[in-house]
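Take a look at the structure set out below.
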Amino acid sequence: MIIARVIGSAVSTVKAGKLSARKLLVVQRATVQNELLDDSPIVAVDAVGAGEGELVLVALGSAGRQTDLTGEAPADATIVGILDSLEVDGRDTFHKS
Amino acid sequence: MIIARVIGSAVSTVKAGKLSARKLLVVQRATVQNELLDDSPIVAVDAVGAGEGELVLVALGSAGRQTDLTGEAPADATIVGILDSLEVDGRDTFHKS
Amino acid sequence: MIIARVIGSAVSTVKAGKLSARKLLVVQRATVQNELLDDSPIVAVDAVGAGEGELVLVALGSAGRQTDLTGEAPADATIVGILDSLEVDGRDTFHKS
Amino acid sequence: MIIARVIGSAVSTVKAGKLSARKLLVVQRATVQNELLDDSPIVAVDAVGAGEGELVLVALGSAGRQTDLTGEAPADATIVGILDSLEVDGRDTFHKS
Amino acid sequence: MIIARVIGSAVSTVKAGKLSARKLLVVQRATVQNELLDDSPIVAVDAVGAGEGELVLVALGSAGRQTDLTGEAPADATIVGILDSLEVDGRDTFHKS
């Protein structure tokens, strides 16, 4: 899963299939220190009740449909975890405040 | 899903399998401010009745087949939502006119 | 689907599973004006009877198996349409000659 | 599968579906000489009991769900092997110490 | 499928699921002239009995599981063909020696 920060939200009234009624969040890839990368933001379905500013795990591809909220939905990006902390090389690089 | 703008359309008479009779649109990735990115355009199946110039959500990969129009079609890119608005860092970055 | 030009063909006698007896073409990504991009060529299964020099639509990933010729074949790239024309921003950018 | 080094771990209490109770490791792509590449780290589910510092094989996409621990989990990256050694052009480029 | 050259092999005793007992080869993407590209090598399951130095076709993603040897294995890259020859723009660019 990629590490990403929730930076906003999207509104789309006309949606296909089981994407209806799903919360759509704008996420941008981030480092293990919670710094935004240059990657262009994408829109992900929120399957865990994430909030703006939170560092999350985003599952891409068919993995994004393996949640109760996204099964059979045309979702190729789903927030599947809220990060509490990250540790790299024995040091805490991120801790949810 | 990637954020993309519908910039044109494609005509293909000879198509494989269940791609027949589907509307094919040319889309190009865009920023949350609806500015086109440098990515080369791709062709996506329209599952929501999108029009040229609209900012849309494109589902890539197997997610693109999770709509009534694309089930079992050899489509790896499908327009699955028309964007009404995008909000990033508490500011409206896009509003459908 | 990516827009690509058929630039050649591949011969492979030893092939796995249902890839046997399939026509393999070398394709390179192209712009909407039918100019080749710098992307390295890939090999795609031909599901529509495409010929060298034609501009085609290539479905990547599992979408590539959604044709009569490629079902259950280990194909991650399949030519699923021959382009007749492309129109971008109200102008014809490509017309099959 | 990509070659990657386990560089850390992730803690996420709120996780979707069958991702719960899975060990999440931070991995970064590496060369055949076990040198880290510039690619941003990703988070992978550990299906083989890998430890920090080990060079591993990470399966991306739906392949990541083809293990006993990840079936039906929203995991798009899974550690599916611990590398003992790599040999390129007749020379050992990596040997697990 | 990408065009790649077999440049080595990998040994991994601890492997997940049906990856056990599969031959793992190190492959690097190549041009139609059999020149190595800068892409970092990946590890692919050999489904066709390929040897070091051979130019092969590698299927990525779920396509990699569509062979007798890789069904249900956590393999996202499988060698599915040995290239005999490639022809581009009417010229032979590669011929197996």
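To keep things simple, chains are lettered A, B, C, D and E as they appear, and every chain counts its residues starting from 1.
The rule we apply is simple: contacts are C-beta pairs under 8 Å (C-beta built on N, C-alpha and C of every residue); 3 or more make two chains touch, one makes a residue touch a chain.
Quick caveat: nothing in here was measured; it's all calculated off a predicted structure.
S.K.: Among all the other chains, which ones are in touch with both chain B and chain C?
M.R.: none
S.K.: What is the Cα-based rotation angle between copies chain B and chain D, on a 0 to 180° scale and rounded to a multiple of 5?
M.R.: Angle of the fitting rotation, chain B to chain D: 145 degrees.
S.K.: Are the two sides of the chain D and chain E contact the same residues or different ones, given that same means over half of the numbers occur on both copies?
M.R.: Interface between chain D and chain E is built from largely different residues.
S.K.: In whole angstrom, how far does the Cα centroid of chain A sit from the Cα centroid of chain D?
M.R.: 20
S.K.: What whole-number Å value describes the gap between the mean CA coordinates of chain B and chain E?
M.R.: Spacing between the chain centres: roughly 32 Å.
S.K.: By residue number and range, which residues of chain C touch two or more other chains?
M.R.: Chain C, residues with two or more chain partners: 61-62, 64-65.
S.K.: Output the circular ordering of the chains, read from chain A in the direction of chain B.
M.R.: Once chain A is placed first and chain B next, the ring gives A, B, C, E, D.
S.K.: Could you list, by residue number, the parts of chain D that touch chain A in their complex?
M.R.: Spelled out, the residues of chain D in touch with chain A are 7-19, 24, 26, 40-44, 52, 61-62, 64-65, 72-77.
S.K.: Given the complex with chain C, which residues does chain E contribute to the contact?
M.R.: Those residues of chain E that touch chain C are 1-3, 29, 31-32, 37, 47-49, 57, 59-69, 78-90, 93.
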